[in-house]
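Two complexes come next, and they have one chain in common, subunit A, joined by subunit B in the first and subunit C in the second.
Our next item is the complex of A and B:
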């Protein structure tokens, strides 16, 4: 550009590079999120749950050889909360409720992170191909998505998990197979909307390639609803996972909240409430916390959509 | 069909003195009820250094014509039904090369032309900037895209391949991380600094105060006028041969509009860029353009030097447009609107598209496409009435039979 020489040298302030700008923006978002007290409550619960999950080997003595399996104390069946050595009581099979809850948070964390990670990735790829390329690709992929959507989520996951045999890994697999469809739809819709924007034309007009426009203009502007949905799903996937393990699709005796609830359910009618109530409460808190944060995120990131 | 083939015979076909030449361009859109002829055998030339105004009402096809230069018409539903757009870039011309047809060259060649040899400014600056990128990052795109070699020049021949790839925006995620690590980092930073200098200079060119600060801003933090300046800076960054301005001031309020127009005029003068200026604002076109082409319902109906067209409008539609513009010459309340609205353009029969609204319409106007008639060396019109010079003076019910035109076909 010949004009460069004609101008006096322009000084760009070195203090505020793009990174600083980005951090400033992130700071703004965090501040806005924290302005909502309900979101803060959700965040606090999540932080506590995560801490519990991470510190599980420290605050309990891990059961050898497999710490994810609940230790059985056959000398202490159906002990109420407050029993020495079993602060939250034991199940009918001598499982320590506190141990189950603490290691259950670890199981839940693993479940939700893996399922959300895998489904968001698959959903983004499929949704992007469909939405960005359009035409026959879109037509084909969306018919595949329709097939998945035609079967109710829970029933579909249950069928897959049952087919693969009872194991927690299979539950994770089943949920991953079922849940990506939702993200594919969200991303596709967003991309079809975003690619109509003038700034996409504007990018084409300066000579950007199609893929570069996708990575720079289309995807970053399409992603916020996915982040909100993923946060919500971090909660609901644990709920569905617990449902599947409650009906016996996980290994027996796994330190998992659904398994624990199912072990305790026989005692509910005879007054032994603790074995089901405490893990049930954990599932409730987990799902609630992620929903609160998800709502808060939506208000900040995507103010135009009303909360459902 | 040569009947409407509106050859802009006012300039030579040799390519000397031309930047672009549109010939018989037809763009149709597939709709449920049939083919919509949005642009119908349009021809015109853009001469070196001139500003050509393309005027017409909403939906007459002027934006579609403009977007065709960038191959921006979405296909489907759009169909490039025929014709060509020849473009002489200063680069190929310097090398003694001929024109390229913008509609048929491969996509990778097109990428090298877009933003580099042909630039475009859009109507609504509020929508034309990516909300997720800072102004500086956004403008840097043009330089990375088209000037990566110049950016790497000062680094010398020993520059690592990774840095080169980064400057061409071909670096993968892993490589981007590598570039943050010391030995490569300093070189990557030098490229970045070189880009920043150019971006700041481009912004300064559009008289934006404090470009260094603006670069760190996001689009939502700027006013519409500022955003349009940023887009102008982006468009002119690579010194294009042709600028397509699609109603660049329509979305701005009047005071800002005036200043942006001044800026555009001044910059074009300095950069010596040819312009296709699209507008529905006749007064504005009169002030900005050297020549004017009037479009109606997908066709060009009149073209000529600005003074000629404004002092002696030939086509009834052009006259109608001018009567509908308020001016100091008119008395209050004397504005006349053109009766009716634009006809349906789905699978049209041969006819003059204006016949439904034309006060002079005769039988032939409903049956035959009018042809291009040259009035003076520069001034041409597409109208049956002008096939017979006496016709326009005659009253509508006394229109001649146009026998001569009929016989000619």
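Our next item is the complex of A and C:
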């Protein structure tokens, strides 16, 4: 921030100017995004999921002492949907499927926000260092990135989580270690590209410091593809996280969709379809919603790429 | 010339990447503490533990341990698999062929279906088939494969009873020789229709599950690159000279649209490989994926390490091959950029 203060006062534009421009641009983007009905469907699902996650303690009676642990009703095992008190049925261990779905949305929200937040931050730092400094630093960091990319994502996360021991916190940690790489690559590529723009040269000519140019001109303009990727990852991280907990890397009895599917899976051969079907549907809807919105965002933010 | 230089450069980087991956894998096994735990029992005295550590070189500094481990890997010693109760290398082959058979079947499903659907949608841009295909491909890539497998099992295994689970009917499996370990190939070699039918019957559901996400990716890519090609001048030229639309599509546009699709097909190989983990659990397929899942749950380090190393080597090799094929197919590509 000290470097911002050194900035020659002659060239500072009034703060309200660019801010107003930015806000107007944001408004345009939002309007354009909302014009696509498919994106709106995705947004509605996301809003519903988030509301469910936030209201979980209000719409259910939280399990004591840990609400993220499934309450067990040992007098109601394998009850089908429609049973009084258990509208979506219960699991073989007397877990209420609806409770699991509601608290599972909270677990998913926590998982995706933490992982996306951490990986975008690490990716931005690494990608900026590589792209902005270039040379040896770039060469070294990109080799590290290549090495991380050489291991298939799920296998990598699976191995890390397995070595750390089964717990949901370790799943979060494992996903964070695996997912930052993509962002580093995107940011680096964007920065390399934007560095060549005339306005960056002009900023240099008028004597802006290197950090100021980076913070004011380069980084904000590099962020568009990161937003698209982060939106998509909000969905895919829940998908991969649920896969890891389905395999058995989360605590047993955790109110998490993958754990629930796994708990319900044993009953399918005897016709008890509900305990797996409903939580699985939630994972699907969650991933679908973020995919739809991510797609819509990409169409608007990056008109060069055709919607795929 | 350019391609040769590029190839040489890529091949030179490959060992660096492999060493990097092996360091990561080795580090992973040490974050959970010393692997001495596998050999320990409650009755051991501290002296005996120390002797054990010395025997396996676990009292040496980490870099020395790494070199010893890497040396072992290079000479074909991947350690002892606690899950399989055998050396990793002894069971690796059988598991690999089972997985490869499944992945290949899924790959065939995905490539055929993906290219067909993508062409279908791309040549009918913004019309109903295009929209439906888009719904399919977005749903396909949002679908948790373990859930899709369960849905298929509920419908086709539990209720309809059309398809079995597992890899084979044990009696039919035992009735033929297995020189390759690939059930379909073995049954063809033995000339047994019954075995071939059994093999394919067992493959259908898992291959569909495993191939779904990849089909979605290939469909998307094929669709968008076809849309792009159909806007090119050469397509107008072909139409102007009176070529029927069917041939414009088949001979010109689709051929060029396949070039970027090839890359995606190659890259989705890693996707198929990691998908086998849950698919093999649910369909009780005796391959590498299920082996890994067991190993993960029981802390079988040697198996996990071998699996990660193997998939990475395979992944890197396939990616390199894809890049080279792409470079040959499309000379406009500026290599190494």
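FYI, the second predicted complex is superposed on the first by the 283 of 308 C-alpha atoms of A that agree within 3 Å, B and C clash if a C-alpha of one lies under 4 Å from a C-alpha of the other, contacts with A are read in each partner's own complex, and residues count from 1 in each chain.
Throughout what follows, contacts are C-beta pairs under 8 Å (C-beta built on N, C-alpha and C of every residue); 3 or more make two chains touch, one makes a residue touch a chain.
All figures in this text were calculated on a predicted structure; none of them were measured in a lab.
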item	value
First (subunit B), second (subunit C), both or neither touched by A:246	second
Subunit B versus subunit C as contact partner of A:144, first or second or both or neither	second
Touched partner set for A:291, first subunit B, second subunit C, both or neither	second
When both partners are placed on the shared chain, which of subunit B and subunit C touches more of subunit A	C
Touched partner set for A:69, first subunit B, second subunit C, both or neither	neither
First, second, both or neither for A:212, with subunit B first and subunit C second	first
In the complex, subunit A residues that touch subunit C	143-144, 146-148, 150-156, 158-166, 235, 239, 242-243, 246-249, 258, 261, 265, 268-269, 271, 273, 276-277, 280-281, 283-284, 287-288, 291-292, 295, 306-308
Footprint of subunit B on subunit A - complex, ascending	1-4, 7, 9-13, 16, 18, 20-21, 25, 135, 197-199, 201-209, 212, 216-217, 220-221
Touching residues on subunit B, where the partner in the complex is subunit A	70, 72, 76, 111-116, 119-120, 122-124, 127-134, 136-137, 141-142, 145-147, 169, 196-198, 200-205, 211-213, 215-216, 218, 231, 234, 237-239
Residues of subunit C that touch subunit A when the two form their complex	13, 16-17, 20-21, 24-25, 28-29, 31-32, 134, 138-139, 141-147, 150-151, 153-154, 157-159, 220-221, 223-224, 227-228, 270-271, 273-275, 277-278, 281-282, 292-293, 295-297, 299, 301, 304-305, 307-308, 311-312, 315-316
